[in-house]
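The structure appears right after this line, and notes come after that.
Chain naming follows the written order as A, B, C and D, and within any one chain the residues start at number 1.
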Amino acid sequence: MSMRTFLTMTAGAGVLTAIVAAAPASADDSKLEELREQGFARVAIANEPPFTAVAADGKVSGAAPDVAREVFKHLGVNDIVASISEYGAMIPGLQAGRHDVITAGLFMKPERCAAVAYSEPILCDAEAFALKKGNPLKLKSYKDIADNPDAKIGAPGGGTEEKLALEAGVPRERVIVVPDGQSGLKMLQDGRIDVYSLPVLSINDLVAKANDPGVEVVAPVEGAPVYCDGAAFKKGDEALRDAFDVELAKLKKSGEFAKIIEPYGFSAAAAMSTTREKLCAAK
Amino acid sequence: MVAPIIRIDNITKRYGPLTVLDGLSMEVLPGEKLALIGPSGSGKTTILRILMTLEAISGGHIEVDGDQLYHIPKNGSLAPADDRHLHRMREKIGMVFQHFNLFPHKCVLDNVTLAPMLTKGVARAAAEKRAMELLDMVGMADKAKSMPAQLSGGQKQRVAIARALALSPKIMLFDEVTSALDPELVEEVLNVMRKLAVETDMTMLLVTHEMGFAHDFADRILFFDRGKIVEEGKPDEIFRNPKQERTQTFLRKIIAAGHRV
Amino acid sequence: MTDWPGYIGLILQGALVTLELTVLGSVLALVMAFVAGLGRVSRFLAVRALATTYIEFFRGTSIFVQLFWVYFVLPFAGVTLSPLQAGVLALGLNVGAYGAEVVRGAVKAIGREQREACIALNLSRYQSMRYVILPQALPLMLPTFCNNAIELLKGTAVVSLISLTDMTFQAQVVRAQTGSTLVPFATILVLYFLMALAISYGMRWLERRVTRGLDGVRT
Amino acid sequence: MEWDWNFVWEIMPTLIEGLKITILATVFGAALAAAIGLVFAILRMTAPKPIARATAFVVEFIRGTPLLVQLYFIFYVLPDIGIRLPALLAGIIGLGLHYGTYAAEVYRAGIENVPRGQWEAAKATNLTGRQTWIHVILPQAIPPMIPALANYLIAMFKETPLLSAITVLELMNQAKSVANSSYRYIEPMTLVGVFFLIMSLISVVFLRWLEDRYARVEEH
C-alpha cells in the first residue's frame, strides 16, 4: 500500500490544487480593464432596504447598487454581481479580494477612509431609532442610552450605529450586535433590545414593512451627524475609483443621479452639497 | 544425498522479553512429510509462521529451496530481504490456517482463483479450470458458487486447502488445521490431507494435536518443548518408544485425554 | 401582498446550492477519508505523520472557524476562492478528517487473520488492500459514512455566513424581505430533514447491496 | 497584509472574554445534553409505542437538521409563542437539545450492548427491576459510553461558534467584532482557530486516556 498511498496522496493533492486554482486578483490600474473583460463587477451589499435590497426573484436593487450599476455601465462594465455580507465583513472582504467594490451604504468615516478608497458621496442619511410605542425609556440620543443602565441597543455589527453607540459611552454588553434588520426589529418586538438603530430610511422601510403599531421611530437621532456613503474600493484601486468618480460626477450633473436615488427617498442635493474630503476629515 | 529444501540455522524469536525460539536448527528434505508436535506454546506454530514470513526472526538464517528466506546476498555478505525478495520466496510456500481465513466476501471459486490471477497473471478461464480440479479433489466442486458463510467448518477448511494448492507451492504448511473443527468434521479434512500426502510430492509441515493422524501422515516427527526440538525420529520410534522424559510425559497426558495414538 | 411563490422559489434555488455543496463536499471528503485513513496505517512514518496532522488539525478546530479562515485569510496568501469553492474545501476537508478515522477503524477491524491469508497467498500490499481488506471494510464504513454525510449536509448551513446563497442564506433573505420568520425557517427545517432522510435511505440501500453475500445469502 | 503581534496582544483580553462564554456554553450545554439524552433514551426504550415512535421521530428530526437553523428557530421564532429566551440561554438550549439526541443514541447503544444473559441472570437471582438496573445493567453499560459521550462533548465545543449567529458574544463573535472595528481578519480568525486547536488537542489526549481506561473491552 506504501507506494500506492503516495500516489493516492499525490492524486488527492491534485484534486485540491484544482479546487484551489483560482486566479489571485491583481490590484493596479489594469483593474478596470480586468472588470471590462470579465463583464461584471463584484459588489458587496447588505440587503438593507432602501440602501440595498434583494427581490423575490433574486434581483439586486436598492439605491446604492443601482447607482453603481449605472456608473459601471458608463465605464463599460455591463453588470454587477452582488454578494450579501455583514457590514463588518465588507472591508476585510474587500481587502481579501472577495469583491471589487462595496456599494452598501457604508458611511464614510475617517477610519474607514484610511482603510479603503471611497468615491465621492452617493447616499446621505441621518441616524434613527426604532423603539417601543411611546418611547418608554425616553431615548433620543446615543448619550441617553449610555446614561440609562437598563437600555440595550441593537445595531449591525461593524456598522456606523455600533460605533456611535460605543463612542457615546454605551458599554459593550449593552450594544447587541444584530445580524440583519429583520432580526433587529424582531428583537425589539420581543423586548430583547430597547432600541434598534439604523439610518432613517432603513428604519422607515423596516417599520413600514412590519406594520406594527407597537413600534415607533425617532428620527433623526439628536447629536448624530448626517452621514454619506460612497462606493468603497480597495486601497490600490484608486485609478478605478477615479474613473468611477468621473462618471459619477457626470450622472450627478445630468440629473440622472437624482432620478435613481430619489424614488428610494434619498436626497440628491445632500450628496452633491458635500465632498469626500470633508466627510473623511470630519470627526 | 539430496539437498534439504528447508534449512533452518540457529534462529531465535523473541517477543519483547519472551524468547519463543532459542537457537533452533533443523532441516527438511524435499517431499518430506513432517509433523511438529508438542505442548501449546512450545514454538511449533511459530516455526510455520516464520516460514510463511508472517513473523520476522530475531536472529539466525533460513534457506528455502536454495535461497535465503530473510536475506539477500549483497557484496559478499547478507542484507535483510526487501519486499520483492519476500514476494518471490513466498511463491514456493503455501499455508493452511487453523481458522481457515477464507475471504468472506468472495464465493468459494473466487477464493481459489483470486491469488493465481493476481500474483501469477493466470487468465480467469484457466484459473477457474484449475480451481475446479482442486475443488473436485477436496470434494467441494458442487459448492463452487457458495459463499464461505454458508459452509461448515470442515468444508471451509477443504476450500482453504484448495486455495493454498492453487498456487502450486513446493512447500505446504498446515497449522492445526483441524483444531477449530467440531469433532465430527475432523475426518473429512484429514481424508483430504491423506490423499494429498499420497498423490503429491510436495514437502509438508504439519502442526497438529491429532497424534494418530501425525503417525500415519508423517515421515518424521519433531517433538517441541519450550522453543527447542527435544526429540525427533520416525513416527513409530517417537510414539512407541520415546526416549526423552518430556516426550513421554506429553504423550501420556495426550493419551489420558482420550486421543488415539 | 407577499409574493410567496417567488420566495419559495428563492429557497428552492438555495436548496440546489445546498445540494451542490453536499455532493461536492462529500466527494472531496470521501477522497480525503481514504487518502488520510490509509495514510494513517501506512508503513512510512512520514506518511503517517502527515495524515495524523491533517486529521487532528481538521478535527481539532471548528468547521466554522475553518470556513472563515479559508474565506477571509487564505486570500492574503494569494489563494482566492469563490464562496462555493471555499465551502466545498472547508466542508470536504473537515468531514474528510472524520471519515479518515472511520476508514482507519474499518481497515483495522478486518483482522490479522485476513491479512495473514493474503501474505500466505503472496498478494502484494496493494492487492491485499484492494481485493481483500477494503471490500470487507467498506460495509463497516457505510453506516458511519452515512452519519458523516448528514453532518456535512448540516454543516452546509454554516456557509450562509460567508454569503454563499445556500438554503439557510435564502431563508434569511426571504425573512428580510417578508418580515416573516416562521415560514422561511420552518420550510428549510423540513427541507433539510428530507435531504437527511434521502441520504440515510440511499446509504441503507447501498449497505444492503454491498453486504449481500457476507451474511451467507448469495447474490 | 502582515501578521501584527502588537495587535494580537491588544485583542487578547477581548478574545479571552469570549472564550469564557464559549466554555460556559459548552459546560451547560453538555449538562443539558446529558439530561435530555437520558429522557429521550428512556422514552424511546420504555414508553408506550406511540410515544416511543414520536420520540424517535423528534430525535431523527433534530439530528437531521442544522444546529444553526435550530438556533435561529429557538431565538427568533419561539418568542412568537411567548417564549423569549436570552441569547446565551437560547444557545445553551439549542446545543443541549441537538447533542441530547446524540447522547440518547449513546445511552441506548450502551444499554443494548449489555448481553441478554445479564438480564436473565438478574432475573434468575431474583433481583427486582430496580436492583437489576442499578447493580447489574448500568455498571456494565456506563463505562463504554464515557468515551463516546466525551467525543460528542468535544464536537459540541467546536460548534459553539454558531452561537455568534444569535448574538451570543462568545469567542467567535468577539473575534468578528474585533475584525469589524479594525478591518483585520487574519489575527482574530487565526487566534480563534489556535484556541480551538489547543483545547481540542488537550481534549484528544484526555479522550485517549478515557478510551484506554474505559473502552478496552471493545478491543480483543
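Please note the rule applied: contacts are C-beta pairs under 8 Å (C-beta built on N, C-alpha and C of every residue); 3 or more make two chains touch, one makes a residue touch a chain.
Predicted model only: the values in this text are computed from it and were never measured.
Chemist: Show me the overlap between the contact partners of chain B and those of chain D.
Modeler: C
Chemist: Could you set chain C aside, keep the rest fixed, and say what connected groups are left?
Modeler: A, D | B, once chain C is excluded.
Chemist: Does A-C or A-D have the larger number of C-beta pairs in contact?
Modeler: Comparing A-C with A-D, the pair joined by more C-beta contacts is A-C.
Chemist: Can you name the chain whose C-alpha mean lies closest to the mean of all the C-alpha atoms?
Modeler: Closest chain centre to the overall C-alpha centroid: C.
Chemist: So, what's the distance in Å between the C-alpha centres of chain B and chain A?
Modeler: 79
Chemist: Can you compute the centre-to-centre distance for chain A and chain D, using the mean CA position of each chain? Integer Å is fine.
Modeler: Whole-Å distance between the two chain centres: 36.
Chemist: Just how far, in Å, is the C-alpha centre of chain D from the one of chain C?
Modeler: 20
Chemist: Among the residues of chain D, pick out those that touch two or more other chains and give their numbers.
Modeler: Within chain D, the residues that touch at least two other chains are 1, 76, 165, 179, 185.
Chemist: Quick check: what residues of chain C touch more than one other chain, meaning two or more?
Modeler: Where chain C meets two or more other chains at a single residue, that happens at 72-73, 76, 125, 181.
Chemist: Which parts of chain B, given as residue numbers and ranges, touch two or more other chains?
Modeler: Residues: none.
Chemist: Which two-chain combinations qualify as touching?
Modeler: Listed in label order, the chain pairs in contact are A-C, A-D, B-C, C-D.
Chemist: Given the complex with chain C, which residues does chain D contribute to the contact?
Modeler: 1, 60-61, 63-70, 72-73, 76-77, 80, 158-162, 165, 172, 179, 185-186, 189-190, 192-193, 196-197, 200-201, 204
Chemist: Any idea which chain C residues touch chain B in the complex?
Modeler: My answer: residues 113-114, 116-117, 119-125, 127, 131-132, 135-136, 213-218.
Chemist: What residues on chain B touch chain C, complex-wise?
Modeler: The contact residues of chain B facing chain C are 52-54, 83, 87, 90-91, 93-95, 97, 99, 101-105, 107, 114-115, 118-119, 145-147, 149-150, 163-164, 167.
Chemist: Once bound in the complex, which stretches of chain D touch chain A?
Modeler: Its residues touching chain A are 1, 76, 79, 84, 86-87, 165, 167, 169, 173, 176-177, 179-181, 183-185.
Chemist: Please give the residue numbers of chain A that touch chain D in the complex, ascending.
Modeler: The contact residues of chain A facing chain D are 86-89, 91-92, 95-96, 115, 157-158, 162-163, 172-173, 176-179, 183, 186-187, 189-192.
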